[in-house]
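Chains here go by letter, A, B, C, D, E and F, matching the order in which they are written, and residues are numbered from 1 within each.
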Amino acid sequence: MLRADYILKLLEKNERIDGRKLDEFRKIEIERNIIEKAEGSARVRIGKTDVIAGIKMEIETPFPDTPNEGVLKTHAEFAPIAHPDFLPGPPSEDATELARVVDRGIRESNSIELEKLCILEGQKVWGVFIDIHIINHDGNLIDASSLAALLALMNTKIPKYENDKIVRGEYVAKLPISHYPINVTVSKIMNKYLVDLNREEEDVVDAWLSIAVREDNYLCSMQKGGKGLNIKDVDEMIDLAIKKSKELRKLL
Amino acid sequence: MGKIKGIELLKNGKRLDGRMPLEMREIEMKVGVIPNANGSAMVRFGKTIAVAAVYGPRLLLPKHLQENDRAVVQCRYNMAPFSTDERVKPGPTRREIEISKVIRQAVEPVLFLENYPKTTIDIFIEILQADGSTRVTSINATSLALADAGVPMKDLVVALSGGKINGTLILDLNGLEDNNSEADMPVAFTANKKEITLLQMDGELTKEEIKKLLKEIFTAGEKIYQMQIKALKDRYSE
Amino acid sequence: MLRADYILKLLEKNERIDGRKLDEFRKIEIERNIIEKAEGSARVRIGKTDVIAGIKMEIETPFPDTPNEGVLKTHAEFAPIAHPDFLPGPPSEDATELARVVDRGIRESNSIELEKLCILEGQKVWGVFIDIHIINHDGNLIDASSLAALLALMNTKIPKYENDKIVRGEYVAKLPISHYPINVTVSKIMNKYLVDLNREEEDVVDAWLSIAVREDNYLCSMQKGGKGLNIKDVDEMIDLAIKKSKELRKLL
Amino acid sequence: MGKIKGIELLKNGKRLDGRMPLEMREIEMKVGVIPNANGSAMVRFGKTIAVAAVYGPRLLLPKHLQENDRAVVQCRYNMAPFSTDERVKPGPTRREIEISKVIRQAVEPVLFLENYPKTTIDIFIEILQADGSTRVTSINATSLALADAGVPMKDLVVALSGGKINGTLILDLNGLEDNNSEADMPVAFTANKKEITLLQMDGELTKEEIKKLLKEIFTAGEKIYQMQIKALKDRYSE
Amino acid sequence: MGKIKGIELLKNGKRLDGRMPLEMREIEMKVGVIPNANGSAMVRFGKTIAVAAVYGPRLLLPKHLQENDRAVVQCRYNMAPFSTDERVKPGPTRREIEISKVIRQAVEPVLFLENYPKTTIDIFIEILQADGSTRVTSINATSLALADAGVPMKDLVVALSGGKINGTLILDLNGLEDNNSEADMPVAFTANKKEITLLQMDGELTKEEIKKLLKEIFTAGEKIYQMQIKALKDRYSE
Amino acid sequence: MLRADYILKLLEKNERIDGRKLDEFRKIEIERNIIEKAEGSARVRIGKTDVIAGIKMEIETPFPDTPNEGVLKTHAEFAPIAHPDFLPGPPSEDATELARVVDRGIRESNSIELEKLCILEGQKVWGVFIDIHIINHDGNLIDASSLAALLALMNTKIPKYENDKIVRGEYVAKLPISHYPINVTVSKIMNKYLVDLNREEEDVVDAWLSIAVREDNYLCSMQKGGKGLNIKDVDEMIDLAIKKSKELRKLL
């Protein structure tokens, strides 16, 4: 039997190929501060999915319409080490989407207090660069990357800035974080709702909805993929995301 | 990009352009605007103007991109350089790459891709003017362009944005509202089956607000659907 | 009979596939100010050829050797909506040539009074960006684009510039235009001279000469394409271009 | 780029480099300067130095670029980084893309492309030093390189620029004149048949001036043609 | 980039991080760190962390890149954006292109490429943190990843950098030493045959110093070799 | 017999296809100051290999950690005129390596006194751009290019800089050069050491070592290519490089 058929067959009985429940995450392992050269960093493993987020603080020019605020930039690289299908070169469509979904979860929840990152109004502000580096891809990159990004931001320190230069390795403060969005991607296969698909399951997914949930249960960003969903699907998927976000938030 | 501090988007229950919260802007739809294309349409929501063209199904080259059991849909959403306040530099931005992907996924579910193996259906969208809600405007234009191209479709796709300003839920955000809203939620759905094919959200909404907004979008979407039907009829009765 | 042969057969009798005379343009339709967000814009339809020119005014650094003059930049995009052969990606050779020919007609006729566009000598001047967007390509892109560009410039307004910022939507003056170059492309097929080829005719063209004619009958730019021309050809083609430019100028 | 205000390019009937209006600069031509190429030539007009190499006809790859009934001519005109006052950044500019196209069209009419289906004739041109009239210098070098490559040709192609300064018609513009002239008109033509294969113009000229300038270019071009002949003879009598 | 003026890299015979001149930093090696890869390894020299993955031998596409009589080795060395003090912008720099080439050449001699015609062996290296000697750290990781992939190898490849500070020869330069040393010499060699497969040098060394340094590198390299053996054994005894 | 076999056959007898001795360079021809528009230039022909190096002086921002020093940038272009395998496009791996090897020879020998090229500390310094342009490639590009670069630097003049502008064609000083590195590439074929391989010989090379030797016999940079070398090889190759560098240095 084809692997895909096998997965679907099991799902009919509400079973998954690795024995998990439909709403169960794989084992999550977290390492913080793994990159000393970065101002913040974290590694998140969800099962065999392995993601590093690194934060670099750089001096930037603010956007003209927010001259007093730091800027946030998020980039994701599907490093070719991580999967036989990943190739060197500029970010693919999927890598671009990943970066933008991670970025929106952080940005729209007002997680970082950007207004505290101004150095000289209209001229110099701190730029917070989130870089997502995929080490091994076994599904659910969005949740793993979002979690890694938030954890990395939470341990990010602001370097000393003196005589128009960043003094690397000396820090003056922690990056001010005021909200903690957790991203949960709920997937629909055969009218069932699952979380944390592995790569094989992703191959048979019908649709998915990625939802960033804040600690106050406000939803801060959503991204749908795959085929159509009806209103009831959305309803149930949001419920499940909120529920799972509470579990994941305990890892922070 | 950023938000204007302390802007009041709602005064005496009305939006800055005079609309009521759930009121849409003036909508214009025209099918068959590009003679060379297999199908095409222009859709305007207020000042936002999108033109979509469909080429195909046509043989996809180079060969290694072909799928043996279905057509590939390729989609490019592009902002004309003069479409915004500040000139848009040519070349795809990350935002445009993402929007191209979600628009593609918004229309793929209504197509019979398995009927056209080894081919591509190319969807090209040009934003001639951008004043908010460009992706939903583009999806309406794409739905019409696909129908105009004679590509068999299970349903038309209707799209509309919802959002929240000053705590009030609104429909069809313009550019100013888009940049300064508390939340922005573009949605696309199949007109008859009501299958949601695009759903994105930015901002802060409770679950209840999302449900309410979806309901309003479905209701107002019916009007958009009727306009799509009319635009197609106008085309064939030309 | 092949389409190309049919076109040539008709031409022997001085007839064209769409019934026009050799020196006759298709119907020209003009719309002005169609893009409110642009500082100037125009749409020109010549038969089924459909072109939009949009003008954006931006702050630029002047060229070192003309520190008091505004800068003009012209870009043409063969949007893939416009023809089955147009593909997404950087401008093709033909799109590059189109942009440069349109640019030279405007630039060499001294159409725009660039010396009136200085804001701060050597530091800040107005940049006039002409963007040509092809909506449908049915031949004669050069004449359609040049006309659209001139019409767009003629309705261009200079925005207010205050506190180092452009105030979009508020204007202080019209863009100063002092010359009105009209581009006419004359084509040679089977030793006959034609204007305004449609796309099918362009497939069988032997050579063409594109000529920008100013209101004082000075020629301001020429560009030849295709195969060779003899001196008599050039002579007659210039005559025809001057003649047709007078007709087209009435559309301004 | 821009013009120098109030510059006098003609004083007492003479140009700033001492030439009479219709006088050309010192011209040097040398065939076979690149041993690896199938054909090559260096041409110098004053300080402007162009080197052209021809490779082919050779099989064109990838296959989908091939023409079944003729050779494809590919041409790249490139400025060496050190060829101008300000360093030229590597990578083709829009100017270089356009010039590559018009040079290709300037020589294609003399080639028997139908003799070499599925192949490419590659023309590569390097401007080692640029002091005006680089494209006509390049065309002369290309004409010689093609002949040196043994590619059958109907005719040689001769090229020369004309222009106007202080109301006077001139030939062979140098860089200063190029930037500050009232008009600049590069022309290429087949040496015997006198078919104009390149004709461009920038500036302000009346129809009469154009005719007059073309006549002068044809006349002076005869000398260039003789130099091409001599350079080819020198090559074969080496 | 530049050197810090007047920096003393050696004080009382010790280096700034406390090491003796010929002492290496703490070294960590782990094989099989990327489940998806055919082979993989992480190697850390002090704060420098390299991860290498090997995919292949696998069919090389597009076809025109294939070699009919042997496998092609493709290698990409890449710095993670957060690996250095100043964020590394994505996209290969010229330095990275050169390093990719020399790493490839450092391991090719131990492979039986002729056994795998038409295929590619892809080596991808990510520098997660850079504190000097990144290319030799990468080569050690690559050697392990190739072995882990089960690609037949004639020998393992061992790599180590040498250099000179304050006139004293040292091993295993860290980032500060790398930037401010009088010379820097990365070396790779086959563990048993002692064939030098990578040799580069920057700075000022006499011939005698080079010979002495090579000798020290061979000696210290033996320890690295033993660590490679141990890391591979750990992998298979997991 | 195949050409490669023939080369190897001859080598067994210590003979080369063009009759040279193993340690003999082809005829070297040098032209200086051949590009008047460049601040310095030289052309080097080694046999049929033909290389031009041009130097442009431009105003640059210094690197933050060397605010008082000029900057050196080296670029090599394998112009497609030079060999049937060279294609238009961004520099290949080999061109990139060539540029970096030439650059390191100059840089690491401290050839240019960069600290004398500061105009305004931390803001403006002279940038020295070395551009290597290959005209014909018949082997040994590294030695030819390195020699051309050094010769070009030796005749480079610093332009006048006035009112924030470079006055081209007027010069204030010679570029200060204090060291003269000569690059010699020694190749190993069949356990023999050769210098100055031509293109055909390069096709059968086993390994090569490129060595920059300074006038005081310090070695300033090395780059190995090809297969493995043993310690004895390195030893002998360095000896040969030092010996040949003395010969080549006489050409300066």
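FYI, a residue touches a chain if its C-beta (ideal position, glycine included) is under 8 Å from a C-beta of that chain, and two chains touch if they have at least 3 such contacts.
Predicted, not measured: the structure shown is a model, and the values here were computed from it.
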Shared chain contacts [subunit A and subunit C, defined touch]: B
Of all other chains, the one whose Cα centre sits farthest from subunit A: D
Chain whose average C-alpha position is farthest from subunit E's own: C
Inter-centroid spacing, subunit D versus subunit B (mean Cα positions, whole Å): 50
Geometric centre distance via CA averages, subunit B-subunit A, whole Å: 26
Gap in Å, rounded to a whole number, between the CA centres of subunit F and subunit A: 48
Averaged-CA centre spacing for the pair subunit F and subunit B, given as whole angstrom: 57
Multi-partner residues of subunit E (at least 2 other chains): none
Residues of subunit C engaged with two or more neighbouring chains: 91
Residue ranges of subunit A touching subunit E (in the complex, touch as defined): 35-38, 41, 48, 50, 52, 54-56, 58, 75, 77, 79-84, 88, 90-91, 129, 131, 133, 135-138, 166, 168
Contact footprint of subunit E on subunit F as seen in their complex: 63, 65-66, 69, 91, 93, 96-97, 99-100, 104, 108-109, 209, 214, 217-231, 233-235, 238-239, 242
For the subunit D and subunit F complex, residues of the former touching the latter: 33-37, 40, 47, 51-53, 55, 58, 76, 78, 80-87, 90-92, 122, 124-126, 128-131
Subunit B - residues contacting subunit A, complex: 1-4, 94-95, 97-98, 100-102, 105, 108-109, 185, 189-190, 193-207, 210-211, 214, 218
